[in-house]
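First the structure, in the form of structure tokens, and then the observations on it.
Note that the chains take the letters A, B, C, D and E in the order they are written out, and that residue 1 is the start of every chain.
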Amino acid sequence: MIELKNVTKKFGQLEAVHNLSLCLEKGKITMFIGPSGCGKTTTLKMINRLIEPDEGDILVNGESIFTQEPVALRRSIGYVIQDVGLFPHYSVFDNIALVPRLLKWDEKRIQTRVDELLDLVTLNASYGKKYPLQLSGGEQQRVGLARALAADPDILLMDEPFGAIDPINRSKLQDSFLEIQETIQKTIIFVTHDINEAITLGDRIAIMNAGHLVQYDEPNEILQNPKDDFVEHLLGADRNLKALSLEKIRDYLDEDAYLTVAPGTNPEQIKQKLRTANRKLALAVDENGILQGRYNLEPSSTQADGEKLSYDGQPVVMSRNNNLIEALSMMLETGENQLPVVTSKGKLRGVIKLTQIFAKVEAAKAEKNI
Amino acid sequence: NRKGDKTITVGAKDFTEQYVLGSMISVLLSENGFNVTEQFGTGSTITREGLETAQTDLYAEYTGTAWAVYLNRADEVISDPELLYDMVKAEDAANGIVWLAPAPMNNTFALAVRADDVAAYGDSLTSLAAYNNAHPGEIIFGISHEFYERADGFWAMADAYGMKVEESQVRNMDAGLSFEAIDRGQIDVAMVFATDGKLPKFNLKVLTDPQNFFPIYNMAVCVRQEILDQYPEIEEILAPLSEFDDESMQLLNYKVDAEEIPAEKVARDYLEAEGLI
Amino acid sequence: MSFFEFLQVYQSKIWLEFVQHLRIITISIPIAILISAPLGFLISSRPKLAKIVLNFASILMTIPSLALFGIMVVVLAPFKLGLGMTPAVVAISVYSILPITRNIYTALNQVSPSIVEAAVGLGMSRGQILSQIKIPLSVPVIMAGVRNAVILGVSVATFASLVGAGGLGSLIFSGISRTNLKMVVVGALLVSFLGIVVNYLFLILEDALTPAGLKIKN
Amino acid sequence: MIELKNVTKKFGQLEAVHNLSLCLEKGKITMFIGPSGCGKTTTLKMINRLIEPDEGDILVNGESIFTQEPVALRRSIGYVIQDVGLFPHYSVFDNIALVPRLLKWDEKRIQTRVDELLDLVTLNASYGKKYPLQLSGGEQQRVGLARALAADPDILLMDEPFGAIDPINRSKLQDSFLEIQETIQKTIIFVTHDINEAITLGDRIAIMNAGHLVQYDEPNEILQNPKDDFVEHLLGADRNLKALSLEKIRDYLDEDAYLTVAPGTNPEQIKQKLRTANRKLALAVDENGILQGRYNLEPSSTQADGEKLSYDGQPVVMSRNNNLIEALSMMLETGENQLPVVTSKGKLRGVIKLTQIFAKVEAAKAEKNI
Amino acid sequence: MSFFEFLQVYQSKIWLEFVQHLRIITISIPIAILISAPLGFLISSRPKLAKIVLNFASILMTIPSLALFGIMVVVLAPFKLGLGMTPAVVAISVYSILPITRNIYTALNQVSPSIVEAAVGLGMSRGQILSQIKIPLSVPVIMAGVRNAVILGVSVATFASLVGAGGLGSLIFSGISRTNLKMVVVGALLVSFLGIVVNYLFLILEDALTPAGLKIKN
């Protein structure tokens, strides 16, 4: 656990950080976000004593960092510097191997670790031999990230670690980052200027403005209850959509909105059944529970009874781990307002309905107003 | 001639005696209406080059140096002082340089030892040779590069006296540093110049040269012919310099070296005492 | 004679030689810098030429001062400049070439590639990049070279007495030949004093030349 | 117009850019996007001759750049370098003033221009006196941007200019950037790793992968018709939502979906009218056409007729210039599936309906399939 | 005597002095570097000490070699070391302090702040930052200083002949005092030759010490 107590830092006249008190939970990811120049980097650097505060105290695991040996302190804290700061005279390998070497790991172990890290940051192993000047901006940043992770520190300070990385690599990195975090449970402070990233990765988000802490809460809470106009503005006009990205489909399954039929059932029979049950959707499921196709009952002017049954043998499906925003997007793409949800093996688990997505937001609102 | 019209540049090399002699020339000339520029302390060859290239007008030089070094005749040894003077004067005429009257003082090379050591080494080169040969490798010689290198230098002297000197007994070094070196016992025999004022200062004894091995170094003023033609009175004015013998010169040098009186003052005091100015 | 007596007796001579030494360095050091610095800038972007110039400067540096003076007495004689101030100035210039050009060359070639790239990308010409970017950023290293050269110059100026230019060298050299330690010490102390003063002046110059942005350290 | 013809650049074995041919339109913004290391920076640098290609030709306004004087060429091209590259010995002012000074502008004009640019990049004028080392990462990047814009070059090469800038400043910058571009019509090549930015700013988007040009099209076209899996992946799971951000509400107004009533009309009367017209929504509009309130007819179990009329005196409204994604987000927030749309003066212009948003995507699909 | 004849006659002497000069510099230059370089590293993070050391080194630099030798003849006499190799080694070391320490100090203090910050932030100790980051990044500037000092050393070694250490200086000085130009030229040429060779060797050393990553230029 990291605790900042009334921390203030001035640069000349400018109060870069003002009376900041903050408790960062062990094993959690805290995202720092705020306008540029609001003091995020300064705060980070105070935690590993690159900058000494003018006032206040900082405790790591209950012990003041100012009573600790700075070098030892910093070795226990991984640090991804904002302007990357790779050592130009070292190869990528040597840059990453730096801290393990300081800690006198044996070379075999280092070799394994570096390979592992290069893979983690989605760089080919051949990059080990390159020099920083030969890398593109995003490649450099990924090496900087690997370097900070190298010795597996308990605390990680990450100053815009994905700032220059393209969306594909970024989402890969975010995924593997979250995956690792789930098992290793590090205490992570992560500065970002990407509000989506803050929402996706953060257990908590600290919003700063002009040296002050404005709001410090769980992402959901911040999205649904922005403290003031500034936060609202920061979250963007589409913050309600963003909130949906935090919700997994698995929690919004509807198992009553459809009928299941065996594959190959007579269409007229299905039509009949749907009418009786007052449903529009029938899903063809085989004996193993695997979804095979989808029947929709649609209005039709050509049909005598004003309705026709369409069949789709390769229906668009969602996975239970997709989030609501993905579901919404897929509904927009297909024009359907409900989509079957299946397991990775293809087993049907239910459907997700557009109305439910809306209901979810409503419910959150209602909850708040109690 | 008004003072100021007669301008002249006086040179002097970079050791005490030269400063004394240079100052004397300079005082005498300026007392006689010359506007003197002093160019003292130049390296030996540089001083001579200065004269040859008309950047200096006159300075005190030694016959032996001119003969061996400037005229490149080191291999022809002439031991008659007057003959040497005549030969040098004659040959240098071709270079546009006039040698004024020589002084009896002979600032030749010499070997000196600590006074305490005279008991052991004796007071001549002959006795030194004997001691040295009886105690091979014991005596350390501090010798200047010039003397070491010259055909008529150190090795020739050793030959002449039958001194068996090993290479390892010789320290080539700056002549100025050799006094401290012998005083501090880092060498036992120093190459010196006979009129050096530091000999009494450091209580050193010059060994005699029974075989007259060392060449002659009589002092005389060298003037460029051109200047002498222009100011023939110079010869007359500088005549007192030809009076110096070893003792009187060494005394003046001693005043500078040991009593630390500025050379210029030593020169002026002497000229005043002699009633020359 | 006590040291104090010595100072009294030699007072005027010491003062004279001190002033003369000062004259030598105030004339020669600016000249030396004006020769060496442009040469350094010239070679900074020409590695082949630089190799030649630096090697040549190294050779010049190895010529013993006495030999250099001997050569100049002859070479400069036709202009009546072989003795006195001129050879001193020439010698000081000659010896300053290596430390100044080498540091300039090294400094200019290690300016961060990304800064140079930014300058090139903004459309600065070679000359502009040199004068506005590379040189200001290299001031500390360049001035380290210049200050070394200057100190060397103050020191080489002592040899000026061997070519009749006088200066504190005449105290030192006649002191040595007279084994007059006081004279040597006074001469050496005054040379050192000049060295410190000149060093200090160049420190002020360096401070003035160093861009404000480079002096900011956290 | 900038034309790349079969341009190839190798670094040793690695082909950083492979046989790239591309025509960048005059006065338009072309966005480059792709995984890090795909050759975006390399391509940019070839245009201002910081890197010389191994093969191919590059024409600017019909003339090969290789026949031009590099210095003059570069002065006519603004360049925002990826790693910012501010001159540490110059103040912020001097950094920005650099190119105008090269061009011998008079100091008064430079002063005005720098102030203008600092304002443009949302930095306080007092920043002029600071030095790069005293700036935060995002501040540095904004100064780098101002520096490139200083002399008003016709062509701008921008290598991730907003990479380290927070969302608030970023959207301000993007807005003013687009606003300026509307009047000055520069030819801009803009590298980004933010797909939203590419979509928002780009007239065209060039997608690169491993040195190859994968797709080069208008944003809409790319969103709706990604060429392959790679592009689809790059666009993200929510690309359909992204497509909505390109559509303005003004183009999707519905003027029939509601009734207008005068303020203060009797509720029972309104209820009646709504039932007759088979509508659920009545908007109270005063004599000037200004929206005053909103009546909703909602199901109610307590009401005798099973419906109740609610009134909202401060209804949530949209502006005609909002985009569909914002409308969608607001619908999620309010739980309404239709929102009134007003002018900046408050005049009612129509409503935007959720069904219409869905219909829009459908329509686009349909168009494609023809 | 023709130049060729001269060479034949003096062949063995020239060879002897050449070898002796080589001995002097191969002994003294490593010693000089081993003294100066650690001093430079020591002061690099202590600006106050640095000021004192650099000023003191400047003073040492201004002491003319002859005076320095004069002092050593006296000071080292009790150890019987006032003549010969020792004073030569001491003098070369003394003169190398300034160029080496100043360049080291300057170089180490201008390593990019963001790189140093990264190193500090990763938990490197002062010593590790110095040895693994600052020094490797400063190799070009440090080596510029070392190479200047080395050339100066080759040159100062000529004075060694004034204190009985021999070397090519004896050719040059006796050549001068005898106006034997051939001797001076041969001496000076050989010193220059040694200068170039040593310069070249240190260039190779510099190249070996320069980290591969710094040699990459676009």
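We adopt the following convention: a contact is a pair of C-beta atoms (placed from the backbone, for glycine too) under 8 Å apart; a residue touches a chain by one contact, two chains touch by 3 or more.
Predicted model, so just to flag it, every value in this text is computed and none were measured.
Enquirer: Tell me the fewest steps from subunit A to subunit B, where a step is a jump to a chain it touches.
Expert: Minimum number of steps from subunit A to subunit B: 2.
Enquirer: Taking each chain's centre as the mean of its Cα atoms, which chain lies farthest from subunit A?
Expert: B
Enquirer: Any idea how many Å lie between the Cα centroids of subunit B and subunit C?
Expert: Spacing between the chain centres: roughly 36 Å.
Enquirer: Which whole number of Å gives the spacing of the CA centres of subunit B and subunit D?
Expert: Their C-alpha centroids are separated by 95 Å.
Enquirer: Averaging over Cα atoms per chain, report the distance between subunit A and subunit D in Å.
Expert: 23
Enquirer: Roughly how many whole angstrom separate the Cα centroids of subunit D and subunit E?
Expert: 63
Enquirer: Could you tell me which residues belong to subunit A and also touch two or more other chains?
Expert: Answer for subunit A, listing residues that touch two or more other chains: 83, 133-134.
Enquirer: For subunit E, which residues are shared contacts with two or more other chains?
Expert: In subunit E, the residues touching two or more other chains are 66, 70, 74, 113, 117, 173, 176, 218.
Enquirer: For subunit B, write out the residues touching at least two other chains, lowest number first.
Expert: Expected reply: 43, 45, 174, 176-177, 180.
Enquirer: Can you list the subunit D residues touching subunit C in their complex?
Expert: My answer: residues 45, 48, 50, 71-77, 79, 81, 83-91, 98-99, 102, 131-134, 147-148.
Enquirer: Can you tell me which positions in subunit E touch subunit B when the two form their complex?
Expert: Residue positions touching the partner: 66, 69-70, 73-74, 77, 80, 82-84, 161-164, 166, 170, 173-174, 176-179.
Enquirer: Okay, in this complex, where on subunit A does subunit D touch?
Expert: Residues 11, 33-38, 40-41, 82-83, 134-139, 141-142, 159-160, 163-171, 193-195, 233-234, 236-241, 243-244, 322, 325-326, 328-333, 335, 337, 357-358, 361-362, 365 of subunit A touch subunit D in their complex.
Enquirer: In the complex formed with subunit D, which residues of subunit C make contact?
Expert: Interface residues on subunit C, with respect to subunit D: 114-115, 117-125, 128, 132-133, 136-137, 211-214, 216, 218.
Enquirer: Help me check something: in the complex, which residues belonging to subunit C touch subunit E?
Expert: Its residues touching subunit E are 55, 58-59, 61-64, 66-67, 70, 98-99, 102-103, 105-107, 109-110, 112-113, 117, 140-141, 144-145, 147-148, 151-152, 154-155, 158-159, 169, 172-173, 175-176, 181, 184, 187-188, 191-192, 194-196, 199, 217-218.
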